[in-house]
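Quick one: this structure, given as structure tokens, is what I'll be asking you about.
All chains are identified by letter, namely A, B and C, in their written order; residue positions are counted from 1 within each chain.
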Amino acid sequence: MKTKGIPKFVIYLLLIIFTSVPLFFSIPVPGQPVDASADAFKALMNLKEGDEVLLASDWTGSTRGESMANMKSILRILMRKRAKVAIWSTADPQAPRVAQDVMAEVAKEHVEVDKQPAYKRWDDWIIAGYYPNADVAINAVAKDIRNAFSTRKETNPEGKLKSIFESPVMKNIKTVSDFDLIIDVTASKTSDFHVQFLSAQKVPLLFAVTGVMVPETQVFYNSGQCVGFLGGLKGVFDLEQMMENGLNIKGADGKVLTGNSKVTDEIPGFKGMSNKGSGTKYYPTLHFALLLMIVLIIIGNVEMFKAKKGAQK
Amino acid sequence: MPVEKVGWWSNNIPQLGEQYWDTGWFGLLFTLTFVIFIVFNVSRARKTDLFIRRVAGLNAIEEAVGRATEMGKPVLMVPGLSDPVNAYAVQAINICAHVTRIAAKFSNPIILCAYSASMYTLAQEVIRDTYQSEGVPERYDLDSVRYISDRQFAFAAGVSGLILREQTAATFFLGEFYAESLIFAETANSIGAIQVASSTEATQTPFFIAACDYVLIGDEFYAASAYLTREPVMVGSLVGQDWAKMTAIAFILMGVASQSIFVSSKAKLTEKAFLAAGGNKLSKEQSADFKDKFKAETKTAKEEETKLFNIQKFFKPGPPPEDLDMQREKLPQEPEAAPGAAGANQ
Amino acid sequence: MKPSDFSIWSLDPTKGTVFYHVIFAIVIGFAIFFALMNAPTQVRRPLTWFLTLLSGGVFVVAAYWPKPINFDAKTQKPLNAIESGSVFLADTNNVVGSFTQILAAFMLGLGIFSLLRIHLGKIAKKKTDWGFSIVLLVSMVSMITFGYWDYTTRQANKLVDYDVQSNWKLENMGRDFLFDKLLQQMDAAMFSIIAFFILSAAYRAFRARSVEATILLGTALIVILSLMGIVSAYWDGAVTSLAGDSANKDLILNFKITEISNWLRNTFQTPAITGIRFGIGLGTLSMAIRIWLGLEKGGK
């Protein structure tokens, strides 16, 4: 099982060291948000109190490194903006469960750490559950959300099971166009279906995708089919930076800490609140992993040229 | 303005076709044109021979199976992670059937790993049929088509285990693949298997290219059937697809032309209008303010123009304007918004 | 009155007659099932073709039929035949869409049968690695058992808050251990293996073998470097200070690494992906037409 040059075992060992050791240290890394992240931040910060958001949570434990961090940051903003959130999933039966766990964690932090008024289930957020067959389900929601979600129920504050359409979150929703923003935190093809069925509904779409999905999501962003997206770890890092420093906001020394040349709006962040999470924590590690990759690519090429020279002699 | 009750539009009842004003008809027409292209070429191919070019990855199929036979090791096929069975899955199974046909000729054992139960059922039928049509039904092993798991990474672990245990000599990964693509390809690469792969997911194709010997990119995956069987239906639909591509290219060129000529000339006209309105004759400060404001407005208008630009704009008019007498009378319960914009099943 | 009240696909679940409808449907379903099992292939083939045409037709017609605009203000019923047609199609669409799930559920049984046959056979014949087969079967049985047990308990006690761990019983703990603590973690572990494979594949494949490969290598390095905040901060800073207030400022600023990487993404990557996806879309469309019209002879 050996490659010609460095044995695989050594490569793997190096990766383990390069990705785990930096986690023990806090390494500050500079970084400016990419256009897509800045646009995503703008769309989230444009929400007003009471705005309704449909949040598709289409990820599970396997991509939690990127997706959970994205989800947490987005939820933090939604809670601070006091938007009403309906969560639903189409990618995996386990997804609503994972979403609920993250929601509970962020809601707790919202009250205990950030000292904000409680963000309550039923009043502020609901879970519409899991729907198999992502394309059919998203199409059904696009066509008639009242029909698609008609059987879903939640326990109201009086302890009674009631239709989610009686909750303050959904009571004003007649069609999917009534939402002010649709977000898909996804690690699968559901972003495609969102564009396919929902981009014609005149609701801004926002995606939080894994690193591998960035190129294909960029297509939707460039064509204007989504207002912005957070791509992989870099996206989370960008969002956390913008939440901490604001976007294009000048610091005490008159310099812009976090800025973007395309999105020129000045949007203040949430200084002093818990903004930084996995993105800020893992981003230095990404540097080390990428550095290792570059070094290995260079070694591979040097080896190849040496072998070529040897063969010519 | 009161609406008089004259003509077919004024009786509250939408007439056939009126709904398309709201929902748009250009996309539908575009798709329909493509369908006509495909169906027309299928019928054309039945009469004449149509040319299709070579696809390198498909020539490699025979070579790969041949090598597996020489080594006396099985051929492994994974027809993607489609659940339920969809067009990708059917196409993947078609190519797998072709591989099986060659393997049946060489009496080479095969393993087909199914991700979903419906895929398993379909694959079993097709593989059994293939052995029968080759006249060697006795060579069909019931255990050669296997259901592994319908959880992505459990499936990845299962297939990787199979590759390592069975030491497969040739592997075929065709269809819908996601994050597990590299796990498969690298595992098979580590045991030196010859690999032919194709993913319908554009983002996974690079992983296959890095680790596999032959990769079918994009719609080469669909061209495979036409190339392998040379059946008129397949060849015809392939040519129909090419016609559709030509149409799309023509529209892209039209879009580029209209964007370059009309939009930029419109911006120039606006600037001319600014000068004509006496924008430069105001006092210095006034002029600066005026100019800034005007510039900002022009910029926004330009951005909006670019953002909104799509082909439907030419073909899909918005709801009829207020002063046209084509307007329908509003129903009592109808909201003030654009008619019909809200769904009906409320 | 809601539209579903006059839909032929839905019944009021509070009415007792629903039960009879269900029984009737099951009996008819089984009768058709056995009739088809015993029908000769010559009958089955055209019947399959017809069913495919019919069920596919629902989606095609629904896409092309005018969308419903409004209901009659008083009766809340569709206004005319065209509108009734669209409402009917919208309802039918949902019903036919769920057929796939029902069929898939039936087929799951076949899948489990395949697993059992292969692995029980392996254990009985004590083939190599038969121990793994035991592990697989035990995992499967325990997951199914705890999954259903947990589900039925939760369904029976809907008002108990299962988010609170102190309310858990054995079945809830078992499911939590198997699903959340084992399966989810193993999923994550399998996913993280990709990092190792990406690295070894990059080391092996990213080589300047030809002109094309060198271009690929160059662009890949630029994109990788642009993802590293430290590199982009210093590179961009250097370019900005180099540009200063010189006459060619705008030109020089184009050489910021973030600008180059953006240019690569927007000018080459996005159109390439769009093109590939368009091709795949067309391929899928033509495959769908062939399947729908019965032109596709699977595997032939």
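One rule holds in what follows: a residue touches a chain if its C-beta (ideal position, glycine included) is under 8 Å from a C-beta of that chain, and two chains touch if they have at least 3 such contacts.
These numbers come from a predicted model, not from an experiment.
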Most distant chain from chain A by Cα centroid | B
Can you figure out the chain closest to the middle, judged by Cα centres?
-> C
When centres are defined as mean Cα positions, the distance from chain B to chain C in whole Å is 15
Per the C-alpha centroid definition, the whole-Å distance linking chain A and chain C comes out as 19
Quick one: chain A and chain B, Cα centre-to-centre, how many Å?
-> 25
By the touch definition above, chain A meets two or more other chains at residues 8, 62, 133, 143-144, 147, 215-216
Which chain C residues sit where two or more other chains touch them?
-> 4, 90, 100-101, 187, 190-191, 198, 200, 202, 204, 206, 273, 277
Interface hub residues of chain B, defined as touching at least two other chains | 84, 152-153, 179, 202, 343, 345
Residues of chain B touching chain C in the complex = 12-20, 22-23, 28, 31-32, 34-35, 38-39, 42, 83-84, 87-88, 90-91, 93-94, 96-97, 114, 116-118, 120-122, 125-127, 129-130, 133, 142-143, 145-147, 150-154, 156-157, 161, 165, 179-180, 182-183, 185-186, 189, 200, 202, 205, 207, 209-211, 217-219, 221-223, 229, 233, 237-238, 240-241, 244-245, 248, 331-334, 339-340, 343-345
Can you name the residues of chain A that touch chain B in the complex?
-> 1, 8, 62, 133, 143-144, 146-147, 174-175, 177, 187-189, 200, 212-213, 215-216, 224
So, in the complex, the side of chain C touching chain A is made of residues 4, 90, 93-94, 97-98, 100-101, 158-159, 163, 179-180, 184-185, 187-188, 190-192, 195-196, 198-200, 202-204, 206-209, 217, 221, 224-225, 227-230, 232-233, 236, 258, 262, 265-266, 269-270, 273-274, 277
Once bound in the complex, which stretches of chain B touch chain A?
-> 24, 84, 152-153, 178-179, 190-191, 201-204, 307, 341-343, 345-346
Contact residues on chain A for chain C in the complex?
-> 3, 5-6, 8, 11-12, 15, 19, 29-32, 34-35, 60-65, 94, 97, 100, 104, 132-133, 136, 139-140, 143-144, 147, 155, 159, 161, 215-216, 218-219, 222, 234, 237, 283, 286-287, 289-294, 296-297, 299-301, 304
